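Some structures are shown below for you to check.
Next, two complexes with subunit A in common: one pairs it with subunit B, the other with subunit C.
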Partner chain A sequence: MSKISLQSIEKSFGETPVLKQVSLDIEEGEFVTLVGPSGCGKSTLLRILSGLEQADAGRVSIGGMNVTDVRPAERNLAMVFQSYALYPHLSVADNMMTPLRMRDLPMWGRLPMIGPLLARDTYRVMQGQVREVAETLKITPLLDRKPGQLSGGQRQRVALGRAMVRQPVAFLMDEPLSNLDAALRVHMRAELSELHRRLKTTFVYVTHDQAEALTMSDRMAVMMHGNILQVGPPDEIYANPNCLEVARFIGSPAINTFAAEIQSDGHLALIGTTLSLVQPLTRAPVTVGIRPEHLFLSPTGRFQGHVRYRENLGSDVFLHLDVEGAQQPVVLRANPAQAAQVTLRNRVCFDLEPDKVLLFQSTGERLPCALATREVA
Partner chain B sequence: MQQSRAHLWFIGPALALMVVILLIPIAIAAGLSLTDYSLGNSGAEFVGLENYEKIFTRSTYEKMFGATFRYVFVVVPLTVGLGLGAAMMIHSLGRIGDIYKTIYFLPVMAALIAMAIVWEFAFHPTIGVVNATLERGCGTILENWAWYAKGCERTFPLWLNDRDYAIWTVSFIGIWQGFGFNMVLYLAGLTSIPPSLYDAAEMDGAQSGWDRFRLVTWPMLGPTTVFVITISFIRTFQVFDMVEAFYPQGGGPSKSVYVMMFAIYEKGIQQNLMGIGAAITVVFLAFVMILTLIQRWFVERRTHYV
Partner chain C sequence: MSEAIQDIRATAFRFSTRAALTHIVLTLGALIVLLPFYTMISLSLKAPHEIMQQTGGFMGAQELFRDDFCVKLGNAVQDCMVNPIIYNYTTAFEKAPLLRYLLNGIVVTVSIFVIQVIVALPCAYALAKLRFWGREAVFALVLFCLLIPVHAIALPLYIMLAKLGLTNTYAALVIPWTISVFGIFLMRQFFMTVPDDLIDAARMDGMSEYGIIWQVMLPTAIPALMAFGIFSIVAHWNDYFWPRIVITGNRDLFTPPLGLREFKGDADGDNFGPMMATACIIVTPLIVCFLLAQRRFIEGITLSGMK
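On to the complex of A and B.
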């Protein structure tokens, strides 16, 4: 019913094109994340959806209604800003009540001093709503404070509360967690997911942090230089990126990439080793991508490298290996027990899981082809 | 237990300087205000509060307060209001606004004493452009306005030399001269409002310009406004050069423009009555002091968005 649809949105600031024919459909109740590096146009797209920015071309519709020329206030969306944008002169309660006051009260009811007396019943209802939301977000003790007296995390909750007091069609969030410290950020991820489950309202969430996108979304849209490159559930985008840029952006540590070549006999030459493909391809240079967790240490491994760095995360250890023939260090995930036996600067052998290898054309597009799981010797 | 005296060395110089250049002169003025001292006299009689008694009883000083307060209470609200209006207009204009900014700020930069000559010319009853323009309107619909009809019938007022009009005319020039200053202060205030607050207001349903003004602009300008009002009060209390330029003798028709600063100058310098001049100065300082205290109270109570 309240499906949101962006069709062929274009936007330039001056000469610089920021969005190039972007289209995206968002189902009702979905948690959709727009993720991409800084400056790729995520905020601009979100602001066009909210109406705060006007698109040069394209159509925005909400619930089947064309709202391209409708004011933000009338689109019934709520937004959480990166800077929170709380009104510093109003208490937390008044901040949260503002959207209700602006919408539900007539002009005279908004007058200072006498407004609350004239529209006493409406005020009581609104205060009830505010208290209810404050209860949900556990900020009831803060209701009388000013935003300046709150910590970053508390402000974040208040901003969320202000968005929640009325029932909007969708919540738009522009990097709401990026001003929080790391621990709180991880905690708030879980809490936002929980909130989404409870409210069952559409969330459109913008972030540059692929981890946030992977953990929270039902679907994510990866944006780069003004285009949406791929839309899909996080698992699918992680396992099946449709181009090299998406593969590189999603996942941390980043995917390993190697320049390789498909030989005239249809085999793949990869850093000194020849691997067979499920179906042979014509001879061409390709890029091979393989994630660190799909490489493993093995005494009989076909590749070898020198350990240059051990990145110990406790549960996992990422080994950075210098491999002859590879331009960058190769990152390999090992479990701590295996990693304990490895010493710096020593030579190790490793291998790959052939069915997890991704092949890309030299232009960056994905090749729909996999390695054979068993080598035909 | 030995206590270090280092702190004295830290605050000492600043304290000494403050005493020498601020407190001693004020103390001297306060001391003089209790005497009938004249410059050049070897001594002076202690007269107690006689000078103050004069200030609060004689009709000359009643006129002084009348002129000062009329000027202040007309000029302050209007310069603040116009300053805010002009600032908001310029702020919304973007680049073209720079031209207006320069134009509106010109009177602030121009010496008022030089500008006074131009205004004297403009308000001249026979060759002045103001009355000439008003006469053009005679015979039109404007004559329905009784005041206008009277002006056409006889003559339009002697703006600067009629005791019913003089103080208002001077106030008008004061507004013309002063609002550009407030505008610049307000522009700085407007620039520092985070644009995301307007976005938030829009999302919250503030649709009209008035809603946005009430919800964001005005509260966010609170600290600026307190400062602007205080500065305007102090500046208008200090008006002097215009009065001196228009009315070198005696403070205008029937002393209707006899403002405080001019009174201090006339008594203390021209007539060499240092005692009474000092007394007016002390009263003036008291006003400024009260204003400053009110400002501090506001800053701490209302507009401090911790």
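On to the complex of A and C.
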């Protein structure tokens, strides 16, 4: 029974509104990611959930209990910070024991020197807990060191350990992997997912990296300008974004967008080609979005472009094409064999998978309509 | 390979006018600062006639001389022949209760420093890390207080202490210095460099705000505190002005600099040897402290902080 629920949270710093009526329900044991560009309010939302920040309006409840005015420590949440925030003067073991000392010991038991003598039994239990967590995280050999003597990855683990010892209702993580190097970040992603599976505790994870959100979460909430734009499983959000901003933010390389128009006969005019829609719509300017992997090279393709740049990732090659009538270069994913036949500045023909095309209104909202898979002559 | 080494050697030994000039200026400055110390140490080693005639170099001849005071007490002349060093330093301890003065100095400076820290850390923490209405105004007041010279408020302070009947007590020596705006300012600047995440982590762990100050901020601020401690202790150990005002009669409360007055000229004439010996004894604890804490002290001044 530890469902977390945020209801109509509002927050502004001075005159600037940071969160506008944000609501989010997090189920027990879920891995939820708040993802968005910097300044979208995702960290603020996490800090309001943790209690470090007070919301101007709205309600935070954990396990059905209203905790809006409860102090951070009494919410029984644990937080992992981007800078790890380990106490520099304490050893790893003491760092991990601090939340336990604060929670389980009375005032006199926390006194230096005599505290451990007076509350010997509690100390023994706490040391056991610390050792257990250290073993899970494989940091037992580091227990006597100071944070200054650890590498970034090791500090990250210790910070996780400090969060784990108190067996919190939920883990809150504020961009915990941002300070690690690329290889370690990928490794830690897998490890965090594994940890989540093992602990079966709720994780609320804040990141600006859409790759982290896609790889780890059960559900992700895409935030922009102080609003949650879309909540859903990563696949759903990737394949079925509900607005142009979400479509643009999720996915790397970013989705291709074209200005297009629905003509009076209900067909779609797209960079010089007319495409049929499944059901005709009224005449309007629209934005067409299509991801690089849904474009393919084809000698009989209806579109043409000049190769301006080849981005070779080994397993895939992304071709950046200058297409007449498109404002930005079009990015297309090709397999290395196909890409080998393409030379720079040459003209290539390509086509799209019609059922993968996304249509957006000029306001950015998604149009619930798809292209016909087969062209009617 | 060997060429490269030669290159390095060449750069290492190249004469640079700029560097030479810098060193000359620094050396001159150091001489000016050290010369009084040289004189102090030298005089504390010499016999009175060598001091008066300015002979004997640094050490003096270290010949035995006649202690007139001892003769006056009716002792035989040959029993009153003394070595200058021994005479100067024993007189320093005999003529005035120098140990008592040193103890007073320690009591006063340590109490001042401890209370200053107890006041300054919470203030600095609030000014650096808590958001409250009027914070900037309060900080501006702190900066303003840095500009007030001690001597300007000495008289009102004295009157207040006198009205409370506190003159000639340790309290009079300690109370006026317990709130150090310089300490608040220095610690506030240091706390600004402590990441907010660390404080948030402590809050998540369940520490109260005072818990954060004493269990998190204090240990991380040790280098800055060492620097402040040296400033504070040196200033109050060496202070002559304030003890001279509030300690009027009771010699038991004299701090070391007041002890120097015991040797000022009276009917016997000036007694520079023991006086300079006292001065040497008074500055020694400070020099020892500084040497022990030197590295930390410089760390604190540059506020290299933590990472």
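Of note:
One rule holds for everything that comes next: the second predicted complex is superposed on the first by the 377 of 377 C-alpha atoms of A that agree within 3 Å, B and C clash if a C-alpha of one lies under 4 Å from a C-alpha of the other, contacts with A are read in each partner's own complex, and residues count from 1 in each chain.
The rule is simple: a contact is a pair of C-beta atoms (placed from the backbone, for glycine too) under 8 Å apart; a residue touches a chain by one contact, two chains touch by 3 or more.
Quick caveat: nothing in here was measured; it's all calculated off a predicted structure.
Partners subunit B and subunit C, brought together by superposition on subunit A, clash.
Once the two complexes are laid over each other on the shared chain, residue contacts for A:73 go to subunit B and to subunit C alike. Contacts of A:52 after superposition: both subunit B and subunit C are touched. Shared-chain residue A:149: touches subunit B; no touch with subunit C.
Look at A:81: by the touch rule set out above, it reaches both subunit B and subunit C. When the two structures are aligned on the shared chain, A:89 is found in touch with subunit B and with subunit C.
Once the two complexes are overlaid on the shared chain, A:102 sits against subunit B and subunit C alike. 47, 50, 52, 71-74, 77-79, 81, 83, 85-90, 98-99, 102-103, 162 are the residues of subunit A that lie in the contact sets of both subunit B and subunit C, per the superposition on chain A. If you check the complex, the residues on subunit A that touch subunit C are 47, 50, 52, 71-74, 77-79, 81-90, 98-99, 102-103, 162.
Every residue of subunit B that touches subunit A in the complex is listed here, in rising order: 194, 196-197, 199-200, 202-207, 211, 214-216, 219-220, 222, 303, 305-306. By the touch criterion given at the top, residues 195, 197-198, 200-207, 211, 216, 219-220, 222, 306 of subunit C touch subunit A in their complex. Residues 47, 50-52, 71-74, 77-79, 81, 83, 85-90, 98-99, 102-103, 110, 146-149, 162 of subunit A are the ones touching subunit B in the complex.
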